[in-house]
Each structure stands twice: as structure tokens, then as C-alpha cells.
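Lettered A, B, C, D, E and F in written order, each chain numbered from 1.
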């Protein structure tokens, strides 16, 4: 096999397997139908056009199908594009499976669960601990599979857990640096803040917003779940309210989707940590395929900025 | 008795009862303490200064006390002010009670409850009807007393119920005009949208935000209550989600406190009706003490605009 | 004939008449010219491509021509598109006329005029009544034909009158609910607020902005016309000024085109009613071709929101 | 007499005449009334407090009265204040008149009129020339007296004419530099753009907005007047429309009060010239009483900036 | 030769020379490569498509090559496009040179230098004069060639010098009109404000931002250069700081790229003059190819406005 | 001595030493002068009024004087105020010194310098290391004394160094978590980003902006200093440019004072770290004197939010 799409250069000849992520039919200016295939492997994605496709092709080359393809990496409007020479759907004979073509977190779900469990174990406040453990347990399976978003950052298998684990590490270093921070509250906030995404998003592959996601969103979902957990665990104290506030306010501002702005110190810090991990991840993603000295594509969620892949200063 | 504070002019001599709404201590430039009293009756409010007050005065003239006062209406920086000639706390002998001094809705709570009940009765969808009836019943007593806000509009006893009844009337006329509107959904949205204020606000007198109000707010409170009601009533259908969406989105935009913008037609219409009733109420309030041909004070919540009390055109 | 474009599904075979709304020439990537035809009937619109067109085709298939067409409804980038199998211009023999292909208000112009006349008749202030009647009479013919906009809402024959009639009905219900509202002023404001559109827009078919519309706009046009009407009728009183204010401020904010923000209560209410009728109309338009459970295209003028066509709750 | 308020320093003893611009009654913390007098001469203004005033004082020291005063310039919260030692109203014996105490343009009205007339005379397009001359003639007396604003810039007698003359000079230099500019249009725009202020403002002393100014504003007033002038002069050509556009758009943006943004080159240039003259005038005004090396008070209309009175570079 | 691209109408046959400004490869829907050529002469630009190009064509028709072309001006999506009938690269035999095809300032570099030198000569403050002369001398060659921007305004050979000369003329007329303005400071600010563009931009042909331009920009570059010049010339006085402030603040606002807003009067005026010259230039550019009575394309940098090419009023 | 101002409650009798931070003269409504004294010790500040002060008092009780005072902590408009019973300036006999009354960083300057030196020592890129060391050395004395701001955060002696040390610790933990980050660049950015404040601010006591601070600001100052250091050290490589970019962009947005937005990953991270340390410091400062369960005053720089001092969750 190859070293993955991400590392291919324009001009490379390719003969390998890909997963079709999405397949969209169009009509060319000569009136004939064609398919726009978004192909992926575990390292990245590339677009390909299948010109003059038959109705059978439409059936065969649809989303989630693994194909074998010969082609060449070309360029179109500044983006790499795969020029198809031949393409065929795979069969059992090819011995390939979908999981091999999907990007996932660099740490295994089990290891991440262990790490999160350790943070819960360290909590000193029993109410916070019980609510956090209860909700993690309730959604554990989905949580360990879920991406953290449909695009922009952590949009891969187990992306949500990976986002949480990274944030916990930053949280710990801030708790050490600023002793006035309440660690229980901050860790619980990190673990629960995006947990509602297991109901907001459709799952790790071809991720879409669910109806619930579109109508009420992961913040309202999780504020409600905390209330229900507290009821079930018969906890009725101020901690519940503060925990709900952390979740409700973690987007930081009304225009970013939070019904309340942070008025608890740990809520503001939760928002800042979320911001850091998401932004570094977005920049890493944008720079991944950029040559040294060149600028990335514009990143919508970072004010349409384009980032330079500068020379590695520390290694000069 | 007089015809109320609202109708007093500068220069009027006054000898009557007032309720102290708030009492704040200050220090004058001669170093002596004084009290700033916010006095009210059922028609409005006026400020008074009690200069050179003793520690006993501080005790005697505090919030919620009814006083008997002789004085004169003067003017300070364009606002009316009560100049105190004599003031004393009342006793049982005076036979006055707090309720007589508080502004309340022009319709009785019982009549408003009947009217709302009628709208619930008319609902055709059983799930919507049961959830609405369940939540109204649960909070009925508080709902019929609660103001709709701490200031700006409907900030009086039963203001919340009065706001809902007015909105229901507008809703009915729109349902008649636009047949595509779903009446059940719109009526339920109107009845429930602000119900969380019974937990967000402290009650009808000297209304404050509760801790819960400050940390999560009436929108998140009510989205959660709908979920809990549905669970209790064993209703698990799309209506629940849409009802939660109506509540979540009724402020119209993220920067106005809604975690989701309206994407259901009735949610947008709910927001528009809420807007109309609140704004007309605010303008009426601002114009209440303005002489014909004059402009009101600036209304913060209406983009700091000042409104003219124009001549009554239809009566010319 | 068929039941109209709006009700066609992808895959439907079509053999019927259409009106060409616009025809735009392009060059395909093979260097050959083609026409993009925007076809319409009285229920809606659909795009079609005429590939490899001759100079004669360009002449024949231009705007305002009625054609007979055989084809199939296909889909392109999520939008329905008409795939042309054969197309020909019609002749007198076909016995079709343009009026049959144009969308118009669901009430007849005469009925709408009667209704508006009734509101004018009810006015108690003679000056307001005379100005309103004078201007309605002056522009009556154009007013009854004019759309209310070039796109977004009420963009059809008699759309302006239909918009006014709907607003009058809302105005009446608000006047009943809020007795402090001045009905004469509000009704006159509703009737006149957009009347300048008869000079701002080019007319009901293929509606464009006139030079006057682009350079000064319907608000300035109408503020001027009220002044001229008052002069002609020898009315010189405060009502004229307030009426001009209602027109000038009815967009609500400077950034929405109003040279003055509303400072008269009825001006604010006029703006709110205008808003309601326009927004409900836009949502109805957006949802018109959306399947139950699906989301509409994004509506530019409603903050780019996409609306769900939810199940009809009241009918469940 | 002295060299004027503007040049007084803290600590200066003063014995001279002043005009009372405004007189406002207040109540001191000892319960006694006092007057806040805004005193002015032709160079500037200063505030004074008249403590413990009698009802007779209130009558005597009201707006537009000239007083004779002995006192000392002191400082309060960073602003100069006049400490009154003795004060008395003047009589005929004092031989002082209001006109001597009012700030006015540095050029005489007659000279300014001559200058403007010259620009009108130079116009080559008869329609533009006739409309401009007609409107200047109609409002000539008020125009030559009127200030250009109630505060911020050119808020003095003949300020409007002075603003126009300055702008005409800038306009001429731009016309010389950029030959593509249409001089007739630009000069007419400059002369007419703010002429509506003669109806928007109450006049040169204690300038207020008129009802007409508040309800429709000088832009709508003037757009209407151009239409009426054209009608009267029987001119019906595109020039009228473009002239109205220049007036309507001269504030540059909707949020700054223009119902249309400039889409004619001369309209944009008119806005830019207006901007320059207003801003330089505001900065000069703010810096007028500032010591070298110090910063001025914040100027609201210039984004709350504070300007430095730097050393005179060219003279070093 | 012809009278230039700018003056060609749709339908014109063309047989002439062009310079290829940019050449971009694409793939047509039939899978074949094509070139999009941006062609220019000294009057303007036009796009052309070279369909079905060979690898040799790609080599031959690249940026900076002069070609000889036969074709016809057509229209595509409202823009003119050159339809190529035949095209060939030129050789020495054609006797054409790049300089003939490039737009440049209407005044010669030498004349502009003379004019700027005159302003420097007039300066009375020796420090300001020496710094200005030093920096002009240092960058003289690049300055006289450089465009003032990559697009929008003065994006041609010597555009920067032309922009400076125009601004100096406006500055002089303002200095005459407002005697409080410090001419030395204003002239020096005009001459130096954009001088950093000689390092920010790559040069006059196919202008790009340099790495330095992207990372720190012409404002920071020039603030630094003034500090270095002052050090070198051993000038250590307040003038240096004020000069740096003029450069730093000349974009007027933080969101337009200035690290400080203007707090020196001449800094604000510098910003206003810069604005005027840039905006008039942009409008002239936009209107250059527009027929009388028509509207231009939308100008991004002028709030997306479209300007009308109105009839020449002064010539009617 | 006492345990400091910060810990005093309303009603406490106080007899101790204070430093006068600022002293401002006012005139009471009885016409007599008074002094508003801002008193401080090493824990916080409190305001006091000295009524009826003599000219000698004005001389004696000025900024930077240590006084001995008997008084009582009272409350005025929700803020604590010191009611003076007796006050006298101190003499050598009192054996008190200014340094004892000033707030400073909780770590000694020497320890902070050691820590920063260690980070410089670890740098692998010689150019980055040399520039950082050069500039730290150049400004070392001022840097170790300087506050980081005039208010809001780190506004105390050595506040700048303390801010840098905290940020370095966060930087190190992020470098460990995200291996793609270039540590040399990030550490150098942290150390240098605010170093220009030693020229922007007047020093640790009664901190003001210098003229240089107001006219060009610490960002432009430092971008220039890096250029000058590189010149002196004969370093001419891309690292210099990137380092300047980090400094120029560290406020994150144009409207927050950065002439360039971050386009280098480490620049964005530098901005995020700066944000975290500043915001946590501001919240700690705001909550410092707030009782458990109460809300703080509104914090201007944190969107006017008020923060709750919630119960210590981890200790429940």
C-alpha cells in the first residue's frame, strides 16, 4: 500500500484502494451525467470526477463503498484532484474493510477512557463525581466513538474523547498554576461539556446533525441530562446548578450559541481551554498538506485566515 | 386619598400614604448620612431624599414599609422628586396594606387562567395539550403572581399571565389570517415560553434574579422542564422536540439569549408576537407620564429611543 | 394541463406549456453556446439548459415567450432542473396567454380595493383620510398590479395590495387589543408605507428597480408625495409630519434604509406589522416545495436560516 | 474688557460681563436650591454654580440674560469652573447687547453669500443652476444665520454658511485635481446638502431640534424641497433625481442617517468633503483650550478620541 | 494597432498583440485541459479561454509572454470575454516589448520626483525634512516604480508615486484653507505613509505581497525605518515620534490595520486625504468601461456598491 | 499593624498607616473644598474624603505621601469608603517606607529572572536565542520592576515579569501536549511580546501611559526593537520576521490593536496564552473582596460581566 493520500504530490501515479465518502451526481455541459467522488483513506481526502457515468456506475460508486483505483494526482483551481484512469468496486476478494480507511484519534478508546476515569477518580466533591460518572457511564459507548464535530476540528472517529483528554491535560496544568481554580468543577466541566454531541451528531462516519441536534443542540441536551441525572441520583445542591452553568456557557458568548455567558471563573476557563484545543487542532489540520514556506487554504472558523507553514525554527 | 403619584404635577402638595420600594443609605458632602427612598403607590413611583437621617430612621424607613408623608412634588434634573416635609412609619391604626400599593395586571388572575385554559382546551394534538396542561398546573400559583420581567415591560403583579393572554390574542388573529400556521404549536409555545420565569425571578415585589436565573436562565429551565414533563407523561415523539425548540429559540437570536435560532415557522412567529407585546407595553409605559407634544425619557431596551406623545389623531 | 411545476417530483415526465422568465446565454466548456432558461407557470419556477443553441434559438427563446416543452424533471446540486427533450415557441394556435403563467395574489384586485376603501372610510381624522384617499386614487391602477418586492416576499402580481390587506387585518386586531393605538394613523401608515414602490419598481413581470428606485428609493419618494398631496389639499398640520415620519421610519433602523428610526408609537407598530407579514410570507414561500421532515433552502433575508417542514402537529 | 473666557487660566480673577446660555435649578445635599449657569462670551463657555439661590434669583438669572460678574476661575473634575463672588443682571445702563456674546463665523454673511453666488454663477447646466439658485433664494435669510449643528462642529451663528463655503473651496481643488468630477453637480450638492437644517434646527441661539427635525430630518426635508422646486420651475429631467440622490446619500451610510448610500461618484465625494470639514472643525474646537503637550477631552463624534496639542513642528 | 481593450465592444473583431498577465490551467468537463489567460494591454484586461491545449501550449502561453491573437469580443455572465480564433507567441520579429502593454501613471516618474522634492524643499523643520529626504533617497528607485496596491486603486507602474503626488496637492489646498494644520508634518506624512510598500509588494508587474508584507506589513516596516533613519541621522526629538504616529495611524482604525488610531490632527487629516484619493481612483476605475446610464460592477472595497455612469451634467 | 485593607469589613474601626495613591481636589455643594484620597496598602485600596480641607492640607496630603489615619470603614453606593476621624502625614519617626504599601508579584524579581533565563538557555535556534537574550539584557532592570498594565490585570510592581513567567509555564505544558508547536518561537514570543511596556508605561507607581505609549504603543516599539537588535547582532534571516510577526499579532485582532492578525501557528497560540493568563488574573482580582455566594463588580475588560464567588466545590 501507499503512505496515504495526504503525502501524494501532483503528478504521482496512484494504484490503490479508497473509501468513497460522498458521491454526488452532476450534469456536464455536454448534457452527460458525471459523479463527483470524495475519496478518503486514513490520512486524508481527495476529490475525483467520474465523467460520463452510466446508471450502473451511479449505483456502484455510492457512499461507503471501497473502490480500487488507478489514476494520477492532478491539480484543479489550486486543489489536488485525482484523475481516474480506471476504477472498480471491491469485493470480499480484496480483503479490505471500511475501518482501515477512516481517520481516528491517535490514542485508543480504552486508553482514553482510563485517563478520563482517573480524573473522575480524583474528584473530591461526591456530588460532582457521581453526576460525572453517571453520565459518562450512560453514554460511554457512543462517547468513545463520536467525532467532536462535523468539520473544522476533531472530525474523526473518537475525536470527541481525544478532544476531552487533551483539554483535561491543559486543565490540570492550569489548576497547578492557578491554585484558586476549583479542579473538580473544571474537570467535570471538561468531561461533560460536549457530551451532548453523542445525541447531536449522527456518528463517526459521514457525520450529520440529527434532528435533535438541529432543533435544540448539544448544550440544551446536556443541561437537561444533568438535571435528570441529579434527579435520579437524588442530588439537589448548588453544584448541580453550577455544573449546568458551565455546560450552558462554554461557547463563551450568545452569538456563539451559549444561552448564558460565563459568570463562574471555571466556566470562563473551560471556554478558554476548549478554544485552545480546537484552534490548535484546526491549524494543524490546515497545515497538514502545506509545503514549507507556503500558506494554507483559508480556515473559515479562524476568521478566514490562511496560515504559513514556516521553517522549523527550533531545528535550524 | 389622591389619584396617585403618576398624576401629580410639580408643585403639588401631597399628604398621603406610600410604600417604600427600596431604601439606600448615602453620605452627603457635609459628611452626614441620608436615605434615598423609592416610594410607590399603585399608579407609579417617585424618589425622595431623607436628609440627615438617624440610625433609627435607617431602621424605620426600610423596604416594604408603608409610610405616611407630607411633602411637595419638586423637580431634579428633569425628573420629579418628592420633597419630604414630614414622614412617619404607619401602624395597624392606619389600616393600610401592602397590596394596595402595588401595580398589577388590569385583569384578575382567575379570568386570565380561564382564558388560557380555553386555549389549552381547544388544542387538537393530545401530546402538546397534555404537556402544556401538566406544566401550567405544576406552576399555576406562581405563574398567576409572577411579573414578566424585573423592568422594561410587564414588571408588575401577574404581569407574566397578562403578557401570555395578550400574546394568545395576537396568536389567534394570526392563525386566522395565515392558515398555514399550526395553532396547537403556537398556543403551546406562547403559554410555555416564559413559564421558566417563575424560577428565574424572585416574585412580584422588589423582583430580583434568582441564582438559578443568573446561572442558567428561564430558557434552559423550561427546556429541561418540558423534557421532564414528557418523561413523566411517557410522551416520546417529535412534538416534544419541536416544543423545546420553540422555547429555546423564542428570543430570536444568539446574542439575545437563545441557544438556537428559530428554524420552525411557529418558533419565528412566537418570537415576533413576543416582540410586539413587549414593545407596545414598553412604549405605553414610557409615554404614561409624558405631556402631549413632549418626548419620553429614553427607553434603553428600545435602542435608547425617546418617543413622542403626539396629539390623538383620531380624535382631532 | 398539469397541476403545476411546484408539485413535480424528480423523475416526472412533463409535456406542457411554460413562460420563459429570463433567458441567459453562456458558453460551454466545449466552446459552444447554450441558453439558461428560467421557466415558470402560475405555481412556481424551474431552470432548464438548452445546450448547443443556434442564433435562431437565441432569438426565439427569449424572455416573455411561451414555449411548449417535453422533458423530464431531474436534479442538479440539490435543485430541481428541467431536462429538455424538445422545445418550441408557441403560436396563436396554442391559445395560451401570458397572464395564465404568472403568479398573482389569491384575492382579486377589486376585492382588495374594496377592503382598503373600507379602512379609509372608517377614518375619523379628516386630514389623514383625505391624504390617504388622494394618494390611493392617484396611484390606484399601478398599486393594484404592483408586486411588493423583486424577490423574497410578495414578488407577484398584486403582491403589494395583498401585503397591505394582510397588514391591515393585523393592524385591526392590534388596535382592538391595545386601545392606546391610534387607528387612523396606523391604517394610513399601512396603506401608504410601500406605495412608493409603484415608482421604485418596474412593474409585475420581470421586476427591476427603476433609476428613481435606485437613486432615492420608495421611502423618499413617498415622503415627498405626502408633502405634495398636503400642499395640493391645502392641509398644513402636525398630522402630515407624523404621517411622513411613519413612512420614513417604517424600515425600523438606519441600516435597513430608514432615514429616521420610529419615535412615534404607531410608527414602531407599523414596522413590526410589516415585519410579521413579510417574514411569514417568506417562510411560506421557502417551505412551499419542501417535503415533510426536510429543511428548506437557506433564506437570505431571514439571516440565511433554513426552515423545517415539520409534521402538522394539530392534525396528529 | 478681557480677552475672553477661552484664554482664562485657573486662578485668574475675573470681573466682566457674560451671557447666560442655560440656567438649571438643582437641590444641594443640604436641601437648598442652587442654579447651574452656563455662561458664555464670544470666545467660549464656562460653568458656574450659584449656591443658595432665592426664588428671585431664579427669575433674574435665566437663559439669554446678560450678567455682570466678579469671580475666580477654579477647577472641578478637570474642567474649569467660575467661582462666583458677586453677580447681578445688567440693565440698559450697562450698554451691552446679546450679539456681542455669541460666537459666529469668522467671515461676514454678506461675503459668504457673494462667494456662494459666484459658484452658482459658474454652473453650466441650467437646470442645476436654476434649482440651486431658487432654493438658496427661498431660504437665504435663515441660511445665513443658521448654525450647522447643535453641537460638535459649526455650532455658531452662520456656521452653516461657513461650512458650505469651506466645502466649496475643497470641492474646487478636487475638481481641478480630478477632471472626471462633474463640478456643477458637486457644487450644487455642497450648497444644498444641509440647507434643510434651516427647518431642522430652531436657530442660532440655544439651538434645538424642531419637531420636523426630529420626525423627518433635514435630509428628507431637502429631498422634498428639491422635488417641489423642480415642479415649480417645470424641470423634469434626470438631473433632479441625481441632485436628490446627492442630498439623500450625503451621510454616506444607512446607520448615519442616509436612506440611500452614494452610487453617484459626486455623491461619494460630497460625503467625503463634508466629513473632512466637519472633522477638522471638531478637532480645532477640541484643541482650542488645550495647553501644548496636553491631550484634549474625548470627542464623542470622533470615536471618543482625545487629541494631543503637539508642538508646532513647522516653527521649531 | 487598436485603441485598446478597454474600448472594445462585444462583437468587435480583434487582431492584435496582448501580454499574458496570468495563465491558469483547468480541466474541462470533457476531461481535457484548457488555459484561462488574463490578457492585457496598456488600457485594460480581458479574459480568454484556450480550449483543448497541449502541453506545448501550456509552456508557450505562460505569464509575461506577449502573444499575437485573432478573435472576437464576446460576453460571458455579464463580463466581456475574448473568443480566440488563433493565437501565437511573438518573437523578436514582432518588435513588441512588455513595457508597451503595462498600465502606468499618467505623469512621468521624473516629473513626480521633481514635484515631491519641491514639497520636501519647502519644509521648515530641519528634522522632519532630513528624515523625509533620507528615506525618499534610500528607496527612490523602487518608489518610482512601485504600484500603490495589488488591486483596487493605483495598481499600476508608478501608482505609488502618483498616489503621493495627488495627495500632496490635496494636502496643500487643505493647508491653505485650515491654517491650524502643520504643513511640514502633513507633507512628510503623505510622502512616507505608504513608502513601506516598496518592501511589502513584489513590484509593478503581477504584484504580490512579499513574505515581509504578509507577516508585518508596510505600516510596521515604515515605523521601523523612521526609527532607524532617526538613529542614523542622530535625531532624537518628539518629531520622530509624531512622524511614526502618522504612519502607524494612517489607516484610521484598528480593524483597518492601524495599531494606533489618529490622536494628532495631521494624522487624522492624512487618513482622510488617503481615503479621498483612493476612493476617487477606485470609482474612476470601476466606471472606466461602463456605458452612460449603466451601473458598474460592484466594488468590494467600497462596501460592494455599484456606481452609475450618469450623464455629464455640466455638459448638458 | 492590621491584616490589610482588603480584609476590612464595613463597620471596622481602623488606626493604621496608608499610602496616598492619588489626591484630587473638589468643591462641595456648600462651596468648600475637599480632597478625595485614594489610599492603599499592600493588599488593596480604599477611597476617603477629607472634607473642608485647608490649603495646607492640600499640600500635605498629596500623592505618594504616607499618612497615619484613624477612621471607620463605611459604605457609599455599594463600595467601601474610609470615614476619616483623624489623619496626619508621617515623618521619619514613624519608620514607614513606600515599598511596604505597594502591591507586588508573589515571586521575587531574582527568582523570576532565573526562571526566564532558563527558558532562554533551552532555546536551540541560535538567532532566536541571541535576540531574546539581547533584548532582555537591554531592558532587564525596567522589565523586573514594570507592571503589565495600568489597570485590569498585573497592575503591580513586577507584574510584567510575573505575567511572562506564568505564560511560560502554560507555554511549556502546551509544547508538551502539542508536539507540532515550535518551542523556541513560542518561548521567545512570550518573553518579548509585552517587553515594549517598559517604554509604554511610566513605571510601577501611579502608572501612566508615556507619550510614546500613546502615540505608537508597545507593539510598534517592540517590532522596531527586534529590527534594531537583529541589525546590531548582524542577524538577517526569516526568524527575525517571524518574531516580529509574533509581537505584532499578539493582540489577535485589528480592533484589539494588532496591525496584523496571527498567520503563524505559534503567534495564535501566543495570543491564546496571553488571553488566559490575563483573564484568570482579572477574575481573581475581581473576586478578591467578594463574599461567598455574592457577585463581583462588573469587569469592563471581560464584557462587563460580574462573576460569582461560588462555594468551593472541591472542599464541600
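In this text, contacts are C-beta pairs under 8 Å (C-beta built on N, C-alpha and C of every residue); 3 or more make two chains touch, one makes a residue touch a chain.
All values reported here derive from a predicted model rather than from experimental measurement.
Asks: Quick one: how many steps at least from chain A to chain D, stepping chain to touching chain?
Replies: Each step joins two touching chains, and the minimum needed here is 2.
Asks: Identify the chains adjacent to both chain C and chain E in the sense defined at the top.
Replies: Common neighbours, chain C/chain E: A, D.
Asks: For chain D and chain F, which third chains touch each of them?
Replies: Correct list: B, E.
Asks: Select, from A-C and A-B, the pair of chains that is joined by more C-beta pairs in contact.
Replies: It is A-B, judged by the count of C-beta pairs in contact.
Asks: Of all chains present, which has the mean Cα position farthest from that of chain C?
Replies: Chain F.
Asks: Do chain D and chain E, two copies of one chain sequence, contact each other through the same residue numbers, with over half in common, or through different ones?
Replies: Both copies touch with mostly the same residues.
Asks: Out of D-E, C-D or D-F, find the interface that copies C-E, where copy means more than half of the contact pairs are identical.
Replies: Equivalent contacts to C-E are found in D-F.
Asks: Centre to centre, by mean C-alpha position, how many angstrom separate chain A and chain F?
Replies: 39
Asks: I'd like the Å distance between the centres of chain E and chain F, where a centre is the mean of that chain's Cα atoms.
Replies: Computed from C-alpha means, the inter-chain centre distance equals 45 Å.
Asks: Chain C: which residues touch two or more other chains?
Replies: Residues 29-30, 211, 214-215, 238, 242, 253, 263-264, 295, 308 of chain C each touch two or more of the other chains.
Asks: Which of the chains are touching one another, listed as pairs?
Replies: By the stated definition, chains touch in these pairs: A-B, A-C, A-E, A-F, B-C, B-D, B-F, C-D, C-E, D-E, D-F, E-F.
Asks: Looking at the complex, which residues from chain E come into contact with chain D?
Replies: Touching chain D from chain E are residues 123-125, 127-128, 166, 169-170, 173-174, 177-178, 180-185, 238-239, 242, 253, 261-265, 268-269, 272, 275-276, 279-280, 283-284, 287, 295, 302-303, 305-308, 310-316.
Asks: Please output the residues of chain C touching chain E within their complex, sorted ascending.
Replies: 25-27, 29-31, 211, 214-215
Asks: Taking the complex as given, what residues does chain C use to touch chain A?
Replies: That would be residues 28-30, 34, 49, 51, 74-77, 81, 83, 295, 308 of chain C.
Asks: Could you pull out which chain D residues touch chain C in their complex?
Replies: 211-212, 214-217, 219-220, 223-224, 227-228, 231, 238, 241-242, 244-245, 248, 253-260, 263-264
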